[in-house]
Structure formats: structure tokens, C-alpha cells
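Same chain, two partners: subunit A is paired with subunit B first, then with subunit C.
Showing the complex of A and B:
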């Protein structure tokens, strides 16, 4: 029998998802598909008030409904507080409510219908407080204070906060004030981006079960079993050893499921009732009570010399935090770090404020603040090109960061594929030849370009690779595959590192009892950070395999090599080899003990060099490695209605190394369409503090007819020296430039520079009419 | 609360269900009573398409279909697309074409695509885009799904 072909399934192969069969047969189990014996169903009672003191509860009527097992209010929860950066959030509203939709009470009953009926019967007395619906309201001198205890909350970073400002951050390099005098052209403007809903097709949910000793097992829709464990234990004041977190299949996340949703509620219900409890939010609740992308207001000013050399930038951002801190301080800090863009701009000053309001909490969403600032900064690059009469692409090439250049703040950049991204997107799109390609009658057509960068990295991760008795492998990382395909990619890396086919590697499902720590599936980090641990842990296994073989063959370890198909042999002597089965059987039964390789690490390269930059209130001092990208979008605009359609896009992204090219394309395509929605149609509309379109009917995400079929994914591979097989992340960057590229195309087609997303037909048409009347 | 006892014909088998209330949807019966959890509840208001099944061959939103109205119909779900252990061509095409990510919309997409493929002729990209426009996918950007369904239509005899 010839050894199985390792290369066909290893690094570089477009291996189908490991769970593809499970998913196409409908057998994959998500949280709402899970049932435990004797399970109760829960429902929340949400606050109708935006900001109010809770003065009393009446749960008698709800408790009397036949089939109701338990009704809990804030009085039945411990005083713990959770939060990724600022510990400001209770498991359930206690004492006061801070946004409409905040859970105030929760019911467990024999079936969901009964639980929902009973939840509606709960009476809560409120004493209304003044409402701060927007950051402007919340920063007014007489604004109501949303978190009276903000100064006393525990914070994981040196937060600059006060009043309703949860966090303030500044980052600057050079001498901006002096630099404006060197500029021949300066553009300045205010940009605004709306709240965007993640809209995973799977709403959030959780299921908790308690054992006879009071230890809880918790399954939930999540992006990190370890963050679930930390949040629940902080909020409920439980020792982490008393809570085991597991994951079913996750119906996508995009950041929405990174931090807590209903997990603390079901755990408390399970502890109180002693029975398994499941709670699945309906779509309206999921819209209103989970989290969304931060609305940004950005003031941006950029200056250049007559020859196009960029000189200075100043950017300030106001972020609506919503009612709780969540991941928001990180989003603010990261958005500032990205606000110079991938360019040489010697003088750059950025600042931002994160402001509590009485709206739903805002949090992490694919791009983490970068799409918002990139919309502003890349719009201004085009504005400068227009003022100077330069081609927007030439202006970018003239100023782009070159290999060896440092990032804003002084962090080192080890790999930079930007030039290749720009070149390839330009060539494929025919930018230099085809810009004037005719539009259909009644339409205008133009290309728009945007360049961008993003990171992959952050925090701690690990991997354990274990050789089974027969020489096959189990990989255990604790990283949750939220649908983006990390289980497949990590398995391919492990398989290639050990030179076995991918089907000889099983991947363990994340389990806080059994998996090594993994901060989470976020920040485009799993391929890069967890991949590094997988390669290192597999390397330890390889060393052990060779050590056994060296003892058997009585040779030096250095004379041995791993061979395809899972064999170890003496270099240059083809027939001197052993199978992993022979090695592992010896390890299990005769000598040395079973072979296990483990690795953990934490990302610790500083993002800011204090000799080059001044930073205050930066939540993440160590961010990650940089990826680059360039997107060109062709947009057609209906001259009668103003409707803009992205009809074709070329997205060139530097991924270091494509571990699974098919999967990389999937991220580029899906990222573009989500970014296109952000650019053109998606907006969570608020009436004061209240979300008025919490339904898929009224919130317009792209369908298969809205998304262009012609999305050209161009994979650029500028290998990251310390990346696994050279790889960097690709989860987010494909979304980042989309609003800017589309906005620049709209401006090129209409002459109107629109600075507020989404670019609705009304706004585009008004822009078109105004700019035509100026001509 | 009482309801009617009915028998539904699902994936070719008669499935008795007790105490079905007038407002109980087909989706609820499939998922909670019959253990057929392939059809997903994404929005429960007929927009996302994750609950799509066929009734007498036509794709419908099972979250908007009352179970009591489905007694004299042939209902098919993703679990019935192919015999256990095998895949229908459209399932194979999506799996091999990297056309699914989180998989939550996949059962509804497969049912909608399967209904399109009954025409037994090669489908154009735009025909597939139109045919799947009632099924939201938030991960893929649709391109690989459309490609896979077009490929499945071309492979048919």
C-alpha cells in the first residue's frame, strides 16, 4: 500500500471543510438543536425603559402560570460585574436599567411558549431617569450619569475616564501643528458611520446543566469558551473550577458572540432549579440586547505637498459605547492605531472618546473600528488626489509603506505585501485602461479604490498535539470554529507539520476542562496565533518521534527525518524507516510514555515605541502582525433613483501564506459583501435610545441579488517570518476597505463626496443633483 | 391546552404528531416534535429562509406554515435530500466547493437549490442568484454557493 498523499490535504490545499458533510446533511448541532433530559426553557423580560431606577418587582402572576419552574430578577443574582476592559456589567439589570431591551427578569418553564407568556406577565416598577441617547447628549454638562460607579470599577488597563466617558485614547507621532505649514493642499471633513448589526443567521443562545455537586456545564453560541467562562464566573462570583464551558457548532459570530449574552442567565437558572435550562433569543431580542458595530463620528484632516507627498493627518473620533463597556475600549484604541492607514505620513495626531449612552451596548464587529476610520481616511486620500489632479492609485503608490517601514506608533512590520496588492488589483481591474468603460443607459459607472491594513494577533493561545497508539493524531487548541473554517486550517497545519494526511488528525472540540487556553476567535488571530502553537506543539511531537526512532535504530536524532504518510526514517536510507504506529506503540507500552506535544504563548511585541510616539489610554499595548490589502470596486449608479450597486470587485489581500486558498477566498468574498452592506444599505435606526428596525424585514442585509457575482479574490502571499508556514490572518481585512472603495467609486461617478454611511439612494441622488447643478 | 392529533408525511414517512395547536408552525413540529433540526429558526418571520422545506415540491418557509395545514402534503427537509450515508449532487457540490461556512443557512439554501434543479437543465448564474435570493447567508458573499449550484445543474443528465 502506498502511503497516503499528505500534500493533497495539507498546507496549500483547498480542502473542503472538515464538517462539510455534517452541515450539508443537516446533522450539525447548533445550540438551538441541543436538548438535555428534563430540560427547562427560558425567556427574558426586557426593559421597556432606557434609563430608570428599578423600584420593585411583582412576579406573582408569572410564577403562578402552570409550567413555570422559576422566576428570577436582579435581586436573585450576585453583585459581580463582568467586562472585557471595564468591569461594569451585571449579569442582569440590578437597581437600574441602562438601555431598552436590557434583561430585567428571566423565567424558566417546561416549554418556551409558557416561559415567554410568563415573562410578559412580570411587572417591574421604574422611576424614569433622564436619558442620554447619543454621545452628544451624554457629554452635555447636565447629562445624566449612566455609571455612577465608573471611577470604582475594576479596569484591565489604565483607562482615562470620567462622567459618561468610558475611555479616552490618544496616539501621535511627529509635530502635526507645525506640519500643516508644509502642506500645499489640506482636506478636512466630518464622517459618520451607523450601527451595523452582525446578523449571524443563528440567534444567540445557551444551555446550562448542573450536576449533583453544583458544578455547571454550559454550552452556548460563542467565540471563546474561555471568555464565556471568565464572564459568567465574574458576573455570578463563581470559582472558574465550578464552570465547564463547551461549544456546539456556531452559526457565525463576526464579533457578536465574543463576549457574554445570555450565558450568565441560564447558569443562574440552572443553579436555582437544579435542572438543565436552555434560552434562545428570538430575532428581535437578538437585535436589541446583544451588541452591534459602534457608530462613529470622525473628524479628519489630511495634508499633502503639491507633488502628492502626504505630510500630516489629524483624526478625532467619538464612539457611541452604548450602555456597557464590552470590547469598546479596544475598538477605540485599535481604530486610532489604524487611522494613519498603510502610508508614510510623518506627522499624525489621533484621539478618541468612548461615550456611554442609553443605547444597547456596542462591541467587537469584524474590523474592530478599522472599517469606520478607513472609510474616512481613504476617502480623504481620494479627495487629495482630486485636488492635485493625480490618479488616486498613483497617490497611494507614492505614499505607501514599504517593506521595513514601521507602523504608526513605531511598531515593527515584518512582512508587507501592499505594493503587490495594489499592483495586482490594478492590473486585474484594468484600472489604467478601463476606467471609462461605458455604463448602461441611465446609469453612471466608475471604479473606486481603497488600500488598508489590519492585524492578526493579540493575547494568549495554545495547542496540544497527541499521538494516539496507532500513530494517528489528536489536535486540541480550544479555538472555536465559528464557521470561518479554523478547525480545517489548523488540522491542515498539524497534518503538514507531521507529514500525515489531514484525515489522520482529529480535532478536539473546545472544552475549558480539557483544552489549552485560547483567548478567542477574534482579531483575525486563530490562523496566526493558534497556528503558531500548533506548529510548535507538532514540532515537539516530531522531536519525540525522532528520539524513539533514534533509540530503535541506534542513530543520532539529527540523522532522522519525518516522511510523508506518517513515517520516520534515516536520511538518505529509504528503507530504514518506522511508521508512527511502531513508534507510538513503543511509547505507550514499552518506553518513554505516550507522546504529547504542547505549546502556549502570548503575543508580546509592543505596538508603540515610546521613542517615536506618544500614547495615552491605549488598551492593547501589544497588538499583532500586520496584513495589507487593496480593493477596487466598480459601482453603477441609477441616475433616476440614485441607487448604487457594486457590480464587480477586485480584492487583493496579503495573507502571508494561504493555508487553504478556497477558505481564504471565502473570507475575502464574505468580507466584501458584509462591507458592501455597511456601505450601501445596512443601518440600525434609532429613535432616541430605541432601535426601531430590529427585524430582518426592516434591516437590509445583502441578498444573493444584491451581492455581485464577480468578486475577484486575489491572494497575495508576503510571508510573515514567524507565522505558521508564513501565514497571517484573513478573517477581517476583506471587509475593511469596502465602504471606502465603494464611496470613492460613488464620488468618481457622481462628483459627490458623501461622508455618511450608508450611501442610500436618497443620499446619492441628492449628491448627484447638487454636484450636477454645480457643473 | 389541547390540540389536534395529526399525521404528517415527512421525507416519505408518515409521522404522527399529538396535540398540535392551531398556531403551531411546521418548523416547530419538525424541530421540536420530530427531531428534524436541519431546518433552522433564523428569524421566525419568513425573511431569512433558514427554515426552508418543500411542500409538494415547492420551497416554503416552514416558520410561516401552520402544521395543521400540511396534513395532506408531501413535506421534504434537508434530512431527506439523500439516503443516509450518501449525498445528493447539490449537497456534494456545496461541500466540495467551499460553499458553506457556518452552515446555519445551508439546509435552507440546499432545499431552495434542490427545487431550482428540478428543472433539469443547466442554470445560469443569474437564474441561481434569483432563485436563492430568499435565503440570507451572512458568511459566504454567495459567490461560491451560486457557483456550486450552477455546477450541480450542469452535471445533471
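Showing the complex of A and C:
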């Protein structure tokens, strides 16, 4: 069999996922499939209280259950605290509980049923404290303080905090107060978005095992083996050298598996028992105790001149942080950075508060605060268009950022495909004609549009590329493929950089012992940041290959070129060439040593230019490169019930360069459907501090039967100059504009501007009836 | 827990005569509840091998007897259901999703009596009777009397559902089930089961049951009867929807508010009648 063509499997090819076969046949191993010899099963005893002091434990009954190996409470855990931005969270509740569902004790037993039964027998004495269930409660003058030690907690940024406010951030440009006078039209409103559940198909879980020397190996459902390592070691006060983190296949993350969940619990149980311990949360526990998208309350005001020129924006946001800081300060800062949208608005003032409450922690979720603010800001762009009698699309084109324009805050934007996104979505959807298209009987139909941008970037990453004896390649990046396809894409990049077919590149599973550091599979960053390292590391290997060839051919390195199929030859002399096998065998056995290329870097372009903008309490100085997008959604509304259905969607996204167009389309489609759920049906409902719908029966995300049949993915490629092959990220941006595009379509169809998600049949019907009665 | 698999109705009834015994039909709900620790029967009586419960039969008079163990998918595809009886097959085809329809049974669904389920209003509109069998013998109850309250039926301990009996529907009547749900496969926010007959412009048969808006399906036979023989215009429909609205007793839940259910149920009734009239006039 001849080796597959290099071009057919490299950059630009829709190569099937490398792990498609094992996943489709059920052979892929997820954390719940993993079994170790002599393994114990763990279960959590969760707090029934929202806010209470723990005054005592009685674990005798649980410990006496036959098959129980170990019961641990907060007293059995070290005093370390973890947190991506604010070190405020212990591995398990210690001294007090801060939300219902918080782990208070853990049991390890011979089987899961026994562990769960024993966990239910643990008695904990609580002294109830007043509860702050919402940010309003928590900011009241007499509010109970949720973190008494907040001022003393270690923070990784200059946090502005106090009382129950975990972080306060401001970002401004221009002179907003003066600018309102220049505006002919000003729209103002309050927007509200609910908590959304990540609903990864795989609930979280972890398995820890201790070796004879006390060193722990930890497998878990995760988005970063390195964040797992850091969090567990901080919480349990272990040296990182004592913990090795690995990953099985991961059944999606969406942000939920980036920071810790149950990993510290199983590590501590394993250390105490000396046996492997596995803990897998069920769906309800996963809902109640992991994390969710932040509820936002947003006040937004936007002004424009009569000709449609946008002049000023003011936005303030209140975020429910939940009980622990987690990624929340980042979400707040990022949402403000996104709140100007991809427009030229010279005067912008944005601010936000992140408020601790006695609800489950909220954290990173695909979009990272951007979908929430984009819902508000893109709704207002449509409102301004309505007030001025302008086509909403024309208003966007008039004000959109042009290539060379800087982002809000002053950060450079090196590539900008927004104009092409808008143009292509408009043309494909038939925006000019389609808005008039008749609705089926009993329905109203309209198109809605939203534009957006998102980043890919952040922090440190690396790659190691090794040439094996036979000339094939092993790539090791430490980036966890959470199902989004990064292993495939990174392999394609490595294959193209070295001009070998993709099946000559193996990709190593992340391992904190052997992989270079990777901050994580998050922030739409792996293709862009890790891809850069892959290309750079492969470049080092290419140089080494050429150096060997130059010695063999006795020519200059500059005279050599890599050729398809894994060969190196003299430019212009087709038959003067060597296979990588010949080169690598020489390196292994005769001269030079085995060929290894390595690269690491940390994203370092400043987000804010202090000469242009004022920033206070911003948690990240260097964020990433910008992708752009435009989405048009056709929505039909049932006049009887008010139920809104997205029936067709055109989503044009600027990805720089599509390394694997099929995977890019998958991200665009999946992003839309998850955004559609956020827009129309998904809402975690709380009764005070308690989640009342922690099940897939009561919490409804759309399925394939609800998604429109036609989701048109339109790939725009405005190459990022320093991106690998020009690529930027696509993981999140496809979700970001969906609620706004759908909301704008609903407003166009009904005349009702709804500012609270989800757009339930009830809200839409009430809006429609009110709007009709006003006509 | 004890697991018993009888192969006859008599044996099943005998096995049920124990403390905390429960019938296992399709298991779509019971097994999920057991997994969630909501119920813990000490004895499970599987009805899987009771062949007599698995048949559906059209009787010479046009009535149809559907065994309690008929799966939703079978009922959705039941060709013995004709004319207005189609309200039941229409409802069956809208239950949950294909895996659940392959698993769940009509007897199990009726016994659980979730007011938001699809069968109760369809059975009410079809004037169905529920046949029960217990140690004391057999009895049948009209659907209205069977569905008593939230998750409560007239089933006595030790009794099981043998079948559901649909009376003949007058020839030319149409049966339809209209369901509003948050997403495909969800339980209803509100639903309307309708059996309608028109002779020219005159209403010859009318049965409307509203589901998911109270502890049991809501019907107003009194007003239905008054409307027979006349035209079914806006004012007549309004009389019916006003009367139905009086009977609704909805609650706020995660699917929708009680206010919305009160608002949308009459609108669904109007829509269902309009569509059925159109359908009937198209076939005449």
C-alpha cells in the first residue's frame, strides 16, 4: 500500500477525526471506563445548607458500613486553597459551607452503591448563617459575608475587592459623558441572562492511584492536565513533583473541566487508603456541584448620530460569582473587553462587579461572558437601526471595525475578516430578499443578525516533535483533546510542516511528566497557540534534517528543501534526495543524536494601551488575537403559543485559516446549537440558593430534533500573520452571536424587544400580544 | 428486592398481593425513579411475559382494546384505531423520543398518571375506559374517573391495568393531539386532545380534553353537549374555551408558569379545532 498523499491529510484537508473509529465503536476509554486493580469507589456527602458553620461531624455509622474503607471530612484535608484568580477554595468544605451541594465529606468503599449509602449516613452539625442567594442580597448593607478572609486571600492580579464583591473591573476609552450630547438617538435598557449548564455528555470524574513511594497518578475528565496538577497541589499542599496527571478521552468540556472538580477528593482518598480511588458524579451531582455559566444583569446605553454613526456606549454588568471565585474574575474582565463589540465607538465606559453568593460556583463556559454582553449590545444595535429607520445590516457595516483598527482598550488587531463575514452571511441568507419571505400559516417569520468577535490566545503552551528511527514523527503538546478535534488538527499541522502524511505522525496523550506545559484547552486557543508551537518545533526538526542532509550531500543547508512524503533534497535536483529514514537512522546510530524539536511560548501582546484606555482591576494584561463573525438567523414564531424556532441559520466565521474545514464546520454548527439553547430554552432555575432543575428532564437543551436542518457554516479566512498557517480559534465564537441574532429576529417578527433570556414561549407570546395591542 | 416474572394475568395479580409490590411494565419511568432513589419496591412483578397484555384488538362494534403492555410505538402505528380514535395514536407518536416510545407502555403511563403525560387527555377525549384486574376481580372505569389527582389514580393496591378500551368513534370524526413543549421529546407545557365530527356546518361530535393544566385532564362535557348540532364558530368556541378555562388548575413549574398555561390552553384549543375543521372539510 502506498502511503497516503501528504496534501490529502495535511492542512486544509477535512481529515476524519483520528479517534473517530474508537469512539464510534465504543472502544474509547473515558474516565468512567477506567478500572485499576483493587480500586475503591468514592461518593460525596454534600451540604444541604447554603451557608452554615460546620460545628461537628459524626462519621461512625458511615464508617461501620461493611465495605467502607475510608471516610474523610474537612478535618482530614490540608489547609491549602485553590482558584485560578483568587485562592479562595478548599478541596472540601472546611469550617463552613457556602452553597448547597458543596462537598462536606467523602467516602471510599468497595463499590459505588456502598459508598453512596455510607455517604448518606454521615451526620454533620451545622449552625445556619444568613443566606445571600443573589448579588442583590449579597450587596445589601446587612449582607452576610461569604468569605471573611477575602482581603487576605492570595490573588494573581490586582483585584479590587471587598465585602462580597470578589472583583470589580472598569475599562474606558474616550469621554462618554460629553459624548451623549453628540448623539441624536440613545437607546438604554436592562438585560438579563440566566445560568446555563455546560451539559457535557460526560459528567465529571477522576481516578487517583498511589505508588509505593507515595507518588500519585491522577486521571480525570479535564481540559488541562497542568491545571489539574496545579489545583490539586495547591489544595492539598503537595509538591508538583509528587503528582502526575494524565487524561483519558474526555467527553466535552465547554469550560466545565478546565478548573478543579473532584480531583482533590480522590487524591486525598488515595493517599489515605493507599488504594486506587475513583469518583464519578452522576448527572444531578454534575449539575449541582461543578459550575455553570454566570447569570448577568447588564445595563447598557448606546448612542448614535442621525446618519447612524455610533458615538458612545456605557455598559455595566453584575455577575453572580457563586460561592467561589474560580474563573469568574476573568469572565468579568473579558466580558467588558468584548462589550464595545466589533465596532468603531469612540467613547465607551464599561464596568462590572463580580459578587459572591451562596449558589454553586459559576465559571468558564464557551464564550466566557461574551454571549451575555453581545446579547445586550447587539440588541441595541438593532434598536438604534429601528429608531433611525436603517437596515440593521447597513448600520453594522457603517460602523464595523476596519482592518488596522484597534480593539477596545487599544490592543492591536492583526487580521480582521468582519466585512467579509457580514457580506457572505448577507448574500447567502438573501438578507435583502429574505426579510420579506412569507411565513407559513399561523407563524411569523423574520431574520435577525448579530456580529461579534472573540479571541484565541492566552498564556503558555509548547510542543515537542521527535523524529523516530524510521523517519515517522511523534508530537507531544500536553493539550487535551476534549472532543473538539485538536489532536487531529495539531497532527495535520505537524504533518504539513514536515511534509509527511498525517498517518506518519503519532500524537502523545498529555502527561505532566512528559509533555511540555499547556495552560489548557480553553479560550479557543489550542489551534492558535499550540499550533504555533507545533509549527515552530517541527521547524527545528526540519532544520536538523537539513543539517544532516547537508553533511551527507556536502552542500549548504540553504540549498535543501523538504519534499512531500518525508524526503529532503537539493533544490532543483529532483533525484538528489534522502528519506527521513536515512536521516534519522544516521542521527540515531552514527552522528548527531536523535532529532528533537521543541518550542514553548507565552502569549505576550498587551490587550490595553494605557495611552488610549483606562483599565482598573483587569485580570489579564495579554489576551489574544481576534476572530470575527456574523450570524443571520431565520426564526419562526408560532402565533398561537409564542414558541420561537430557529429554522435556518447562516453563520460566517473568520478563522484565519481552516486547518480542517470539516472540524471548523462542526464547531460553527455546535456553537450555534448551544447558543440557540441559551437563547430559547436553557435556564438553571434557582429557588433562593438552590438549583431546582438539576436533571435532563427538567433542564432542557435542544437536541438534533430542535436544531434547524440547515445551519450554513461559512468559513472566512483572514489570515492571522503570526498564526500557524494563518489560523485563529473557532471553539467559542460560533456560539457568541446566537442569542442576539435570535433575539433580533424575534423582535423583528413580533415588534417586541425582549431583554431577558431565555426567550420562552411565554415571554414571546406576551410580547407579541402587547405589541399587537399597541399597533 | 424480589423479582417475579409471571406469564399470566392471574399469576401477576397473585404476585402483586404483597406489601410494597410494584408492576414493572416498560420501565421507562419506574426504573428511572428507582435509580434516583425515589421509590424502592420490595417486589417487582414484571409483566413482560404476560402475552395477554401485549395485544391490541378491534372488536366487531368498532371499539379497540389495547393491552396494558402495548408500547407507545405500537400504539402510534396502530391501524385498528380509526376516525376519532386516532387521537390516541397521534398522542402516542408525540411521547418523548423513539427509545422511550420503544420502551414505555400505555398501562405504565396510565398507572403513573403524570398530568403532563400525553395519554391522559387523549384517553379522556376518546371516552376511553380503563380495565383493571385485582384479587377481587375485574372492573372498568372511565378515564375521567381513573385519573384522580396529581400522580394519583383509582388503582387499588394489588390491582393492575389490564387494558385500555376505546369505544367506537363515529365514522368521519377526526382525532388529533396538539402538544406544546419546550423542546422535542419533553413533557407538555399544555396539550389538547380533540375528537371532532362535522356534518356540513353543524357539529356532530365534540370532545376536548386539556392536558398538563391541572391534576387531571379537563373536559367540559356539558358545554360540548350544548354545542352539538350547531355551527362551531368563534362565539361557540369561545363558550367552550371559557368553560374549560374555569376548570384549569395549573401550577408554576420549570416548564412554564400557571399564568402562561391559562393563557395558552384556550389558544391551543382554538387552533386544534380550526385545524380539525380544515382537515375534515378537506376529506369530505
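Criterion: the second predicted complex is superposed on the first by the 771 of 775 C-alpha atoms of A that agree within 3 Å, B and C clash if a C-alpha of one lies under 4 Å from a C-alpha of the other, contacts with A are read in each partner's own complex, and residues count from 1 in each chain.
We adopt the following convention: contacts are C-beta pairs under 8 Å (C-beta built on N, C-alpha and C of every residue); 3 or more make two chains touch, one makes a residue touch a chain.
Just so it is clear, the model here is predicted, and its values are computed rather than measured.
Novice: Of the two partner chains, subunit B (first) and subunit C (second), which one does A:65 touch, if any: first, second, both, or neither?
Specialist: neither
Novice: A:23 contacts which: subunit B (first), subunit C (second), both, neither?
Specialist: It touches subunit B, and subunit C stays clear.
Novice: Looking at A:596 after the superposition, I want to know if it touches subunit B, subunit C, both of them or none. Which is it: first, second, both, neither?
Specialist: Touch status of A:596: no partner.
Novice: Should A:442 be classified as contacting the first partner (subunit B), the second (subunit C), both, or neither?
Specialist: In the superposition, A:442 contacts subunit C only.
Novice: Please indicate which partner A:427 is in contact with in the superposed arrangement: first for subunit B, second for subunit C, both, or neither.
Specialist: Neither partner.
Novice: What is the contact status of A:705 with respect to subunit B (first) and subunit C (second): first, second, both, or neither?
Specialist: A:705: touches subunit B and subunit C.
Novice: Applying the document's definition of touching, compare subunit B and subunit C: which contacts more of subunit A?
Specialist: The larger set of subunit A residues in touch belongs to B.
Novice: Check whether A:693 is in contact with subunit B, with subunit C, with both or with neither, and answer first, second, both or neither.
Specialist: second
Novice: State whether A:550 touches subunit B only (first), subunit C only (second), both chains, or neither.
Specialist: A:550 sits against neither subunit B nor subunit C.
Novice: Same subunit A residues contacting subunit B and subunit C, which ones?
Specialist: Shared contact residues on subunit A: 697, 701, 703, 705.
Novice: In their shared complex, at which residues does subunit B touch subunit A?
Specialist: So the residues of subunit B touching subunit A come out as 31, 36-45, 47-48, 50, 77-79, 81-82, 87, 91-92, 94-98, 100-107, 110, 125, 128-130, 132-146.
Novice: Name, in rising order, each residue of subunit C that touches subunit A in their complex.
Specialist: Within the complex, subunit C touches subunit A at residues 36, 97, 180, 182-187, 189, 254, 256-257, 259-260, 263-264, 267-268, 270-271.
Novice: Which of the residues in subunit A end up touching subunit C in this complex?
Specialist: Those residues of subunit A that touch subunit C are 284, 442, 640-643, 681, 685, 692-693, 697-703, 705-706, 760-762, 765-766.
Novice: Flag every residue of subunit A that touches subunit B in the complex, lowest number first.
Specialist: 14, 16-17, 19-30, 32-33, 198-203, 249-252, 254, 280, 282-283, 482-485, 662-663, 665-666, 669-674, 695-697, 701, 703-705, 707, 709, 711
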